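Both complexes below contain subunit A, partnered by subunit B and then by subunit C.
Moving on, here comes the complex of A and B:
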């Protein structure tokens, strides 16, 4: 009897993959990220449609023009829509369930993705008013993670018509 | 003016969680061989190969088309790879068709695949973005907020998503290639399944599948001589839009509406609900059926859910949607769009077997991908355009 009759054939192998990359934020986003260290949220207004982008990318994707005018927007806003994540997956950082939300900051015209905490997941709802909870100044870096999460402000809900275009 | 062209061969693998019996090249070879057999032609009759799959990060094989050329008989022939995320199976078929429509090739083999058992899509789609909190949680995490917004916007009752989850799994029971064959599928089973990405339940979600789908697209002369009835292509359209811009309607995207308007113009469609007999559309999460009914012009804004609710989209309805069981029953991601296109073609060829829709003469194949920003569609008919 030869070895090939007794040895189980190899059907698959594990081949770990690694990908390293260098990410360049670009001029507009770099300024936005540096302002986060100071607890400020910097946006840019499109000269054509007048919409305020946060985070700014230096251009309006709808009009294809540069957005040079910088404006500061509030660190509070409205939950326009959200997802309660209850799925486990490899290398997950957060503990489930957690709420990932689209937040329309006051003064902005595009939603920002962030976490909602200090409230039970099943209490989060569309129109809920929320505010940023910042890391202490000495712990902040040029990242949106300098805002640890958003939490309810306790204000009355925003009217649906005020945010329905921003989901 | 585009040359007339047709689908003359279709090949699918059995879709399942793990096709451990074949390698990736073996999986593609299986689908391609079946398509050639159906077309009544051999490898040497093929002029070019167009291949598609979802991002390389899924299987971790970069530019797999290079090593797959051999298994697909493409050595020494033009071969092209298409990338448009989840819509790629549809876009790949359209690129193949364009090579024939442009008069460049007579017969093109097109293949799309995914081998999710050798992949980790959930992981690959959840990598933290630089300078941002790690909020990403797979495709469901992206689409759940859009579904929530749709439900709010249309005031659709909760049971509509559950109904789609049941209907597509019932349809899958009539399709031997489908991955999921849940014999005892019921409303209660879907309703009681775990809430994964609220408001998306486990059984309102697509499975992870291995599989490949292939087609032979040919010119008019080859279509006329094909051994089985061809599916004639009446229109093809692709559109895309940026993922993020102020004022974007991500629930009912402009790119999808523009894409289908172009398609209907080419096909002379003025009343899609009456003129189109059936459609295979990309529904990875149950609520995307009513959402796309509106985007595709089958229903007015806010009314798509009523088509599901009143049974119009069921196998017996006036516009059967996904009689194959759809993406909710088989999801080899890169192939999922091509399966929609192929299933639409199968229907107008009268070859859909137990899931054949009676009298299907004109059918729509649809795929979308990325953050609902890539769209690919075709219209196929039993008669020449």
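Moving on, here comes the complex of A and C:
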């Protein structure tokens, strides 16, 4: 018998790796994040197609042009799609079930993802009108967590036609 | 083969840290400049392909966000290589050989400033027997430099490459590192990782570049002096450093032969470390009459995933501006010149 027949095969090795990175938010996103501290939601409008992007990334992905014009959008809007989270995972901070939703803020042309609270998960639906619940000013930072969550406004549902392009 | 040419090239000035702009904000001006330089309307470009590396950003699928700079609506034909943009150029050239499309946009971007680059590059090594030892990229290059010196070379040859590259870079506004130094005084400096001194290593650079290719009549229509690609080839060697002769570059030699890399006036060689330039010169059989790296090369600006495409862009630029009639651009990838691409261009 040769060695290859008798040697116990190695089935795995441990090779730990750790690399630390910095993240460059960029000019547009930095201004968006700074405005959250002031309780404002800053967006950018495309000079070609007129679409309003939030959070802005400095470019219109459809046209590939810089979006320099800044506009403020409302801190309320319409739920276009949502997901009820029923699965436990590591680092989960919220108790399940909870709802993540895409919210079309009034004046924006792209949905913003955030949490929906102060309502039972099974009551959340498309077209539901919601508003931001901000952290107190002294607790805000340049992060989307400056908005704690969105909650229903109690307004009548938005008509499907008003958000069908954004679903 | 279908006639394909480089008709436009643009690059950002290389800097140590682009800490204000994200990748999209960096790409937008450079892609626009390349497209406008070609005169081809953006929406008429047939194929788009990019080169970048998620490990540099520390985020998966980071190239997808880069697409925001392109204008991908209505949907475009698009591809990506997890490599230097030079290999994106290769894919674009192959795609144009199909014959149904006449133009392509090639772009690449890379920020070395986001993470510990010397350690990030370890992840390209053999994951079982080499990477767990974490030999950083300068140490790996130093192994090659040591082998090369012991094959009969002197450190003064390396210092001369450094001095010439940084001196030439003074005429290149896109370069990051340029200076006038006497090779003899460079040799008085301490080793960084023996036998490499600081000047033997490339700068850490953030950058981006974009290129437009056009085929046949379209190239003639949009460009007075297109840089026609007369040959393009890339070859790879074994992954294991121990099974290679690090003092030569057989993959470069083979790619050069297949690409017809003879009788060129200018060669832009992607040699991030000084000792790699003479290895590449020898593999490509470049005589003393060939001007090598007039841009300063990767020793003057080394944005990862960009520096290779930039070599080809610089070589193409010299055809387009009329200062050369036949030029060669080279790009490398992997540790110690593992994989090499040669692109030969000419005026017609």
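Keep in mind that, in the parts below, the second predicted complex is superposed on the first by the 148 of 167 C-alpha atoms of A that agree within 3 Å, B and C clash if a C-alpha of one lies under 4 Å from a C-alpha of the other, contacts with A are read in each partner's own complex, and residues count from 1 in each chain.
Methods note: a contact is a pair of C-beta atoms (placed from the backbone, for glycine too) under 8 Å apart; a residue touches a chain by one contact, two chains touch by 3 or more.
As the structure is a prediction and not an experimental result, all values here were calculated from the model.
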Touched partner set for A:80, first subunit B, second subunit C, both or neither: first
First, second, both or neither for A:117, with subunit B first and subunit C second: neither
Subunit B versus subunit C as contact partner of A:102, first or second or both or neither: first
Which of subunit B and subunit C A:62 touches, first, second, both or neither: both
Larger contact residue set on subunit A - subunit B or subunit C: B
First, second, both or neither for A:25, with subunit B first and subunit C second: both
Which of subunit B and subunit C A:46 touches, first, second, both or neither: first
Which superposed partner A:13 touches (first subunit B, second subunit C, both, neither): second
Subunit C-contacting residues of subunit A that also contact subunit B: 15, 17, 19, 23, 25, 29, 60-62
Touching residues (chain side subunit A, partner subunit B) in the complex: 11-12, 15, 17, 19, 23, 25, 29, 33, 46, 49, 51-53, 60-62, 80-87, 89-94, 97, 100-102, 109-110, 113-115, 121, 126, 142-145, 147, 149, 160, 164-165, 167
Of all residues in subunit A, those that touch subunit C in their complex: 13, 15, 17, 19-29, 57-66
Residues on subunit B engaged by subunit A in the complex (per definition of touch): 20, 57, 60, 118, 120, 122-123, 126, 128, 130-138, 140-141, 144-146, 148-149, 152-153, 194-198, 242, 244-251
Contacting residues of subunit C [partner subunit A, same complex]: 18-25, 28, 31-32, 42, 57-59, 65, 67-73, 111, 113-116, 119-120, 123, 127-128, 131-132
